[in-house]
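Across the two complexes that follow, chain A remains constant while its partner is chain B and subsequently chain C.
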Partner chain A sequence: MISFIGRSVIQKIITLFFVSIVSFLIIHIAPGKPSQVDPMNPKFTPEVVERFRKEFHLDKPLHVQYLYFYKNLFTGETVSWKDNQSVLKKIWERFLNSLPLFIVGTIITWTLSFPIGIRSAIFRGQFYDRSATFLSYLLISIPGFFFAYVLIIFVVNQFHVPVIGMETFGIGDGASLPHIFMDRIWHLLLPSVLGATGGIAVLSRYVRSQMLEVEGQDYIRTARAKGLPPEQVHYKHALRNALLPFVTMFGLILPGLIGGSVIIESIFSWPGMGRMAYEAILARDYPIILTVNFVSAVLVLAGTFISDLLYLIVDPRIRL
Partner chain B sequence: MNIEEKGVNPDFQFEAPLAPKRTRLQEFWLVFRQNRLAILGLFIFILFFCCAIVGLFMTSGPDPLFDPAMIRLQEKLRPPLAKPNLDSLRREEIPSLGFYLMGTDDLGRDVFARMLQGAWVSLTVGFVAVGISVLIGIFMGGIAGYFGQHHIRVDHILLTLLLISGTSLVMAHSIRFGAVLLCLTLAYIFYSFSTKNRSREKTFPSWAKVFRKNAVSVDTLIMRIVDIMLCFPSFFLILTVVALLPASIYNIMIVIGLTSWMGTTRFVRAEFLSLREQDFVAAVKTLGAGNFRIIFRHMMPNAIAPVLVSATIGIATAILTEAGLSFLGFGVPPPHATWGNILSDGKNFIFDAPWLTFIPGIAILIVVLSFNLFGEGLRDVLNPKLRERH
Partner chain C sequence: MTIRRVLILAPMLLILFLLQSYFWVPTYEEQTKGNPERLNEYIAGSIGDASLLNPILTADSASSSIENMVFEGLIDRDEQLHFRGRLATSWEVLEEAFFYINKNASIPGLAKADPQDVANFLRKATKKKNTTAPGLKISLDHITSISVIPARNYSVTRQIKGTDTGEQKKYIKISIAAPARIKLVLNRVDQDLFQNLSLFLGKDYFASFHGENYLSTDPVLKKERSAKYAGELLPATEHNPFLMFNLRPGVKFHDGHLFDAYDVKFTYESIMNPKNLSPRIADYEPVKSVTVIDPLTVKIVYKRLYSPAIGTWSMGILPEHLLNHNALKKEARLLGKDPNTFSMRQSSFNRHPIGCGPFRFQEWKSDQYIILDRFDGYWEGPPNYKKYVFRVIPDRLTQEMEFYAGTIDSYDVQPHQVKRLEKDQRFQSFSGTAFGYTYIGYNIRRKPFDDPRVRRALGMAIDMNKIIKYVLYDQGERITGPFVKQTDYYNHNIKPVPYDPKGALALLEAAGWKRNKEGWLTKDGNKFQFTLITNNGNDLRKAILAIAQDAWKQIGIDVHTDLLEWSVFIQERVNKADFDALILGWQMGIEPDLYQIWHSSQTNPYQLNFVSFKNKEADDLIIKIRQEYDHDRQVEYCHRLHEIIAIEQPYTFLYVGKWTAVLDKRIVMKTVDDAGQIMYEKIKPTKTGNYSFYFNKWIKLPEAPVFMDEG
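Here is the complex of A and B:
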């Protein structure tokens, strides 16, 4: 156990090191320089550009820039090139905005896909199963931005509520507390439903196939032959065994924390992580792009690590 | 006992097939036909393919039948099936069909012509991107699975590092130093090739033996590269690279292809690992077939099924990614229409001209859905375990 933890931590640190090199190279070798973003701006004189390059070590060779960047990142001194604010502070603010979207989306995904998947496994091949299958293909295939506009048209025409942004503009003055609360809920609902659609489709299919796998086992036949009621067979004998792989998926949802959705957040003007990353890409704000990339790589690695550990703890058959 | 001696049945031959004679393709079709959704997917896919090819010929050239770039400001935001106002149009501005099948956009351009033009973009992006990723995936997965147990020596790694740093130095304009590095590396490679057949152990002093130690196996190396690639958030990575590169449709195809080969690599490696141990491979090897022939003639046909399925679904994902990029305003430069940027242009008129959102959106949905359904149908057909269960 201890040796497994030690080995995988070392392996993950090495992977992270290479990820940092590759992302740094991708950004810096690509054509276009951050000091030339706005060449038409009269304030951008050659002296300013020179000072800019000196300030952010852009005049040094690449490997020195790399060392400077990651030294600053680990000491928390990295600043955005655009507004000279601390990158970590900016990311933390945006992260707090994205968090409610992520939490609500995850809750919707997990609470909906289990009942759907279990039910379609029990009624395999029947009308319910076939329509659920078709619906999940539909949800996987629908482009998120198109679905967003369909939902916006529907909600705005039917309920006459504003949905863009995190809250209605200027609602803070004079509105009652429940009113503000409901307003926030309405604004939260659409983006998180959109974030959950793909997840519901994939996860419910996975639940279905896991349930089918278990329902074919001998012990389920034994349970039926004993004359147990079908509910007990499905939910006590089958479901508990089918749940095993899903424990590990708790680790794998971790990267979703930072990935967010660039498209959904920019449609709904939601000031979250994805939108910040998108704006940083447009402005060639390399520190933010690299930091977001680095943090998300850390989350991916941590997620796989946690899911490996959970599997070790939950499944006694696995011994390393 | 001899059959002819007993004379039971003089017509009986052992060579005659006992089961009904069906080729593999017929067998395949018989199973596939039962999956109605997959048939629907295949049908829509063929339809889309024809539309895209016809659309390419009808919308390109100096005098196209449907001109996607023709601007008629007096005819803007006309709903689908609207008749053009013949008095205000010049002769060449009248749409070829006599009416606007899918309406016009905010500049009065015919949406039908733009959709036809965009179909070709979606088709090529899907196929080329997946083609690139499948090629890389088969190559990497094949090497990892077949030559996985071979080891890479320390000097190989050092040489590769020298080559890469030399090339990047040349590209970063410090040509003299880079060229020296490159020449040194090439000289060493040439030297080691020329001395390959002699006994090398004596020519090296003991300190140099460190360089000839085995560092990592090929399999470990390739799987670590896959792990590294999987750490990047894929849409964000694609967005970054596409935003930094000059806008062009080819860049999008290449970038999507280069960031989506990891799944194929894993499939091919897993298949090769199990196939390599099987008797028919050992038999071919005993017959003296070369590695190349074993891999491509004997192992690849057995390993191709999961790759085909993931490629079909990969096409759907690539089309969605391209549409998302066009929607965000990256990719194909503006006058050229893609389904993503028709939708993106139409979003400002979402309540006045909903067809500008719905027509491209539904088109993307149907095409992606058809690829997904077809892919799932293929998975059922190619996987005998799943087939029995249904």
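Here is the complex of A and C:
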């Protein structure tokens, strides 16, 4: 067990090192320059551009830039080129904004997928199953932004309430605490439902197929033959065994924490991680891009690590 | 079965809980009509957030729009685009000119050229009633005083980078034995002064002064090198135009501190401070010195003639007391940072700016909003709106929805949306000529684009009016040259290149291009073919690309087209001048300074005259326009330059776009006259298309007013 953890940590650190090199290279080799070094603005004389390059260490060879960047990152001194704010502070702020969206979206996805998927499996091939399948594929294939627009237009025109932003604009003045809280919940509703639709569609399919696989096992037949009520067979014998693969998936959703969703966040004016990262890419704000990249790499690796551990705990058959 | 019940109940409860929040949310109605305070705030929607709120550190439009509210410059431009005083009440543009006494040159009618004699000689000439040359007479008339600066010896040390040896630095000691100098003070700026004086001091008086004879270097340098230093340290003649600003007394910053000349000096020094990395440094590089004469008078001396410099003083003035060396040191210590490396860029001031503009900064939530409150102590009287809110909504469709709902007052409206909103009774819409144009540029280095007839013919083959009608939905107009169409500098006598494919063919034939059997144009057996490129992601340019390709094909030119990603387009093609023809656009400023885009010295790689336009007369005019401080003469030069460019056709000027804006009809201008009578007026854009020029007078009324002139 301990040797497994040790080996795994070392492997992951090595992977992380290579990820940091590759992502650094990709960003620096990709065409385009930071907007501060934009050569098409007549106001930027070569001297100014040169000075910015120096300030940003862009005049140094790539490996020196790499060392500078990661030294600053680990000492917490990295600042965004756009506004000189500390990158870690910025990411933390955005992370807190994206977090509720992520949590509510995940809860919706996971609580809805299971009942839908299980029911589909139980009534396999019947009307309910077919319509659920149809709906899932429909939701997977509709582009998120289109669905978002349709929903926004519908809600705004029908109910005349604001849906964009983290809260109703200007609500802070004089509203009571429950009002502010509920207002925030309302503003979470649409974006998190939209973020969850794809997830529900995919996850409920997984649940269905897992359930079907388990339901075909011998021990289920035995359980049925014993004369157990079908409910007990489905929910106790089958479901427990079908759950195993989802434990792994739960670890893998961790990176979603930092990824955020560019499209949903832009459409809903949500000041989250995804939007910040996207704008940073457009402006070639390397410190932000690289830090987000690094943190998400860490989260991906941590996620796989956690799911390995979870598997170990949940499935007694696995021993390391 | 409990598991089943939980599985079904949990999502239902969750969804119910989420949905019930609907009953707690204020509706749009409550936010707008139900909220009387809403009439006192102006909410502007924006796609992007500001970066830093410090006018000397930023150049992006989102930040500038806030900075213009919070900060105030010395001057700005009025409706007619003339300068008007803001923090300055008045200003004068004067000049000090210098020249060295040239011992070797002989002055006609003066035997011994002693400095005092030369000065007296000039003094006498200024008093003379009639002189033979009229230009000289004018120049002499503007001289208000003449004095002699005695000869002096001094030395300076210069550092040069070893060009071959990499980073190695060398120091050079230069000893200068400067001869006496004559100082002339002029009551206006006169770029022809020395040219006119040479009519009278002798043709070669200035030209035959060789500065390198008066300096010695240690170690001894090559001739060219020391001549370069001589040109810099001992120029034969020197123009030092200067600005005298009289500042407005009693103006306060938002924190109550009085504004004075030291703030102006501080703002200049902050821009020039290399630690601050100001993107505006190029505008202020020609400044020689900023001197505080008294707390309400500041003198700005320039190293050379540079007329666009006046406009740079519309830059917002920073409060010295909050950002000077000591204040920054204190802040660094408070934050636990190294005071020696801490610069204005890191200061928290950039997120809590204090200026002396009409609105004071209140709150900034990144990527959400910026709130400004009206500044009651504003010197021109406080604005009507109590609040200015800058709301970041990155999506255009949701912006439009919020606008319809009345929770934002303005947004980045698109041409097709204006068409729709124009007919709506609730809104008023504005539109006018924009400041940027789109063009097809030809690489003049390459054949056959080196022939102006060919370039003109290519322009004649394209039907611009159709492009404006069908591609731009009439949201554009024709343009014939590189000046802002609304200014005097633009020469309206120049007719746009007509649509005339037959004429184009005739011109091409004159240039030696004939159609062969298949209909392709050929010359000396070579087919007329080239590649037209533009950047990806701009639908208008993409459409023009196809239209131009088709139009040229019709007169027998084989055109290939290519769309490139922006950074590849710029770095690989434009910067390296590796293209035949391209479609691109320029944003223009009001100043008619065309040096970077049109001067022949700017044709190297990475410079902006990438089409390689070279014309001797145009070069002279560009320099003259830069050096001329008199508006009428500047206009005259610009008109001529415009004419040359129209004849040469280095670009096919396609169109200038239109800006558009939509506002709620209830927003009007409110003025109170001396008798306390309130008057409402309709918002009208100024001549240059600035509809928010009188923003401080705007207010939103509960009901849309009916104006008399509307009937």
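We take it that the second predicted complex is superposed on the first by the 307 of 320 C-alpha atoms of A that agree within 3 Å, B and C clash if a C-alpha of one lies under 4 Å from a C-alpha of the other, contacts with A are read in each partner's own complex, and residues count from 1 in each chain.
The criterion applied here is as follows: a residue touches a chain if its C-beta (ideal position, glycine included) is under 8 Å from a C-beta of that chain, and two chains touch if they have at least 3 such contacts.
Please read all numbers here as calculations on a predicted model, not as lab measurements.
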What is the contact status of A:Ala297 with respect to chain B (first) and chain C (second): first, second, both, or neither?
-> first
More chain A residues touched by chain B or by chain C?
-> C
Give one of first, second, both or neither to describe whether A:Tyr149 is in contact with chain B, with chain C, with both, or with none.
-> both
Once the shared chain is lined up, is A:Gly227 touching chain B (first), chain C (second), both, or neither of them?
-> neither
Using the superposition on chain A described above, determine whether A:Lys82 touches chain B (first), chain C (second), both, or neither.
-> second
Figure out whether A:Phe134 sits in contact with chain B (first) or chain C (second), or with both, or with neither.
-> first
For A:Met166, is the partner it touches chain B (first), chain C (second), both, or none of the two (neither)?
-> second
For chain A, which residues belong to both interfaces, chain B and chain C?
-> 31-32, 149, 152-153, 266
Which part of chain B faces chain A closely enough to touch in the complex?
-> 37, 168, 171-172, 224, 227-228, 230-233, 235-237, 239-241, 243-246, 316, 320, 323-324, 327-328, 343-344, 347, 350-351, 354, 357-358, 360-362, 364-365, 368-369, 372-373, 376, 389-390
Given the complex, residues on chain C that touch chain A span 1, 3-4, 7-8, 10-11, 14-15, 17-29, 31, 43, 48, 51-52, 59, 274, 277, 279-283, 285, 345-346, 350, 365-369, 391-395, 397-398, 401-402, 405, 407, 565-568, 570-571, 574-575, 596-597, 606, 608
Chain C touches which residues of chain A in the complex?
-> 31-33, 36, 39-48, 51-52, 55, 79, 82-84, 90, 93, 104, 107-108, 111-112, 114-115, 118, 149, 152-153, 156, 159-162, 164-166, 168-171, 175, 178-179, 182-183, 185-186, 188-189, 193, 231-232, 235-236, 239, 266-269, 271, 275-276, 279
Residue numbers on chain A that touch chain B, as the complex places them = 14-16, 18-19, 22-23, 26-27, 29-32, 62, 125, 134, 137-138, 140-146, 149-150, 152-153, 212, 216, 255, 258-259, 262-263, 266, 274, 277-278, 281-282, 284, 289, 292-293, 296-297, 300-301
